[in-house]
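Below you will find the structure I want to go over with you.
We call the chains A, B and C, going by the order they appear; numbering starts again at 1 in every chain.
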């Protein structure tokens, strides 16, 4: 039985002090790694015969405007289909230089997921075959999901702010 | 933007390929997504997809809405089976808030979710028929989708975008008329489904059009992140209801149909068999619900006044209900800080909700893991080298729903 | 608490009430019927509208339910739904139109031949609906002129049929000279359409 303790032990054996913040919110093992190691960690989780995390469930980003130097968090959710274990793995990056190695070589599913993350947050994935906007219009010049941008269209003239509020 | 005309090798009839824009408005694309195909005669050399024509920024809207106002947003993702999305969202909130659900509510939720699954697969299979040229199956089966709509309408009031249920259960108990309609459905639908199967399953024309086209192997499917009937048709039996059972699915006996080659015919067959399995689950759930007698038969929600909106009669007569109603609507409830990932088996696969809460009344970040978005990337690989008409059938057999793709 | 529900549970006999279109006023005699050209053309046009279903999202599924056999829209003459704008009269925009999709809607509208009508079905097409965001066009009347709006999210099939009947009223009463007149030209100018 592959338990969270065993996975934590294996990861700590391989990466020693570079991985940190092991937690288990609601039963899912979560840890953090430095951003240059993301491909190494993903490859280790993929190739290792005991861990076998070969399914990328999802990949998304979170913006924390108050953590200076670590504003953007990229979160990978992986799944071991054979033993039915899930794991969450985060990397943090500075918002002024959000360069992350792409995971498309390992998981083809990461292709559009990374394009979506680029579209919403501006994370630059190094080595991505086709990094351009996917959901928003191509001419958009800002990254809408960042916390500083509003939800509503600011050019709208007919909505009364006192009645509706923003 | 896209590679213009690819040079064809020596010996081909044409010098370069023709570009065909299978545009956002096309009768065969159910929903708006665009494929720019490079064709060599009728064969497809390459395909590039453009999506985002119905991007409504759900994830950004969800950062500004308290929990109950996000349920209508989840409806509009996979709108063919909206109750599954709603239940998935309620399950996510219940996991975060630590709410325990009574058994009867779980069984009622299963009835609703399996009805939604039948509704989704019904549309997908009949539209594959329409795209292959057979319109009758669609008209015949839509009649039963109307009956499912009536059952949902008895419970929540709405047909398509249901906003059904609350955190902790349902807004009202299922009344006798809902159960009568459910019995009518359970009695009549198997005959209709059998007739629909007879039209297509061993039909020479349908089999010739769908077998061998749009195939994908199990390793590539897992690498692409496929889930749901598309993955099961490729041979991998991954079903969220079996792997991480939610809402008491472990109490039920059902099989998970798995295909072999992952082509269009296998996908059609897997969805067809899943409809039969869903019917059996609904019958089992219905019998289990009938077994609750007396006061237990009146339970339709968990006893969590902090999160469950009280009924209006109580709000107007009792003091506590009024206060809870005010607190819930104004967002004064204490939310725990943390992050949770919950997934349900939607009509298209694993629909996941990644919810990060910072203690405020709205989520700090809500990310939807949308199966359609993830498996549409594989479309180029599925149709490369095939004919144009096969691409149309592949597109509709993948059950691409634009609302889910673009969030 | 349960309201009386009669359809789909109790078998009702088919009543013989088939309604026919009314005859316009005119003079008639043995073998002839004289009326104004307007009324005859209006009658012919309104009972044979060919719609173009521009279905983008959830309202598209309700439209499919309206076209299916339970709430048959073909009874009103819309049997042939076309997908080619050059051959259709009525552009039914169903579902949310994002800003990325706006130019496509305008292009489809421009390709339609006069006389053409536009029906905005659903809250999203009428005014942006529940999505007041940076990426959603707040109503298609920002880019094309609309004749009938059907509110609802999604509107019930009965509401869709009601909207189509109102379009039929508009079509039946329209003057033959309207499309060449000054007011119509000014309307198109305000949208930037020549």
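In this section, a contact is a pair of C-beta atoms (placed from the backbone, for glycine too) under 8 Å apart; a residue touches a chain by one contact, two chains touch by 3 or more.
The model shown is predicted, which means the values in this text are computed figures rather than measured ones.
Note: the chain lying farthest from chain A is C, by mean C-alpha position. C-beta contact counts were set side by side for B-C and A-C; B-C has more.
For the pair chain A and chain B, the distance between mean C-alpha positions equals 24 Å.
A straight line joining the Cα centres of chain B and chain C is 30 Å long.
Taking each chain's centre as the average of its CA atoms, chain A and chain C sit 45 Å apart. Along chain B, residues 52, 55, 57, 60-61, 406 each make contact with two or more other chains. Contacts with at least two other chains are made by residues 135-137, 144, 151 of chain A. Contact with two or more other chains is made by residues 100, 133-136 of chain C.
By the touch rule above, chain C contacts chain A in their complex via residues 99-100, 132-136, 138.
Residue ranges of chain A in contact with chain C, taken from their complex: 135-137, 144, 149-154, 156, 158-159.
Considering their complex, residues 1-2, 5, 8-9, 54-58, 60-62, 64-65, 68-70, 83, 95-96, 98, 100-101, 104, 108, 130-131, 133-136, 153-154, 156 of chain C touch chain B.
Touching chain B in their complex are the following residues of chain A: 25-26, 28, 30, 54-58, 60, 62-63, 75, 77, 81, 84, 86, 88, 107-109, 111-113, 116, 120, 133-137, 144-145, 151.
Only residues 23-27, 30-32, 52-57, 60-61, 72-73, 75-76, 79-80, 123, 138-139, 142-143, 145-147, 149-150, 159-161, 175-177, 180-181, 184, 402-403, 406 of chain B touch chain C when the two sit together in their complex.
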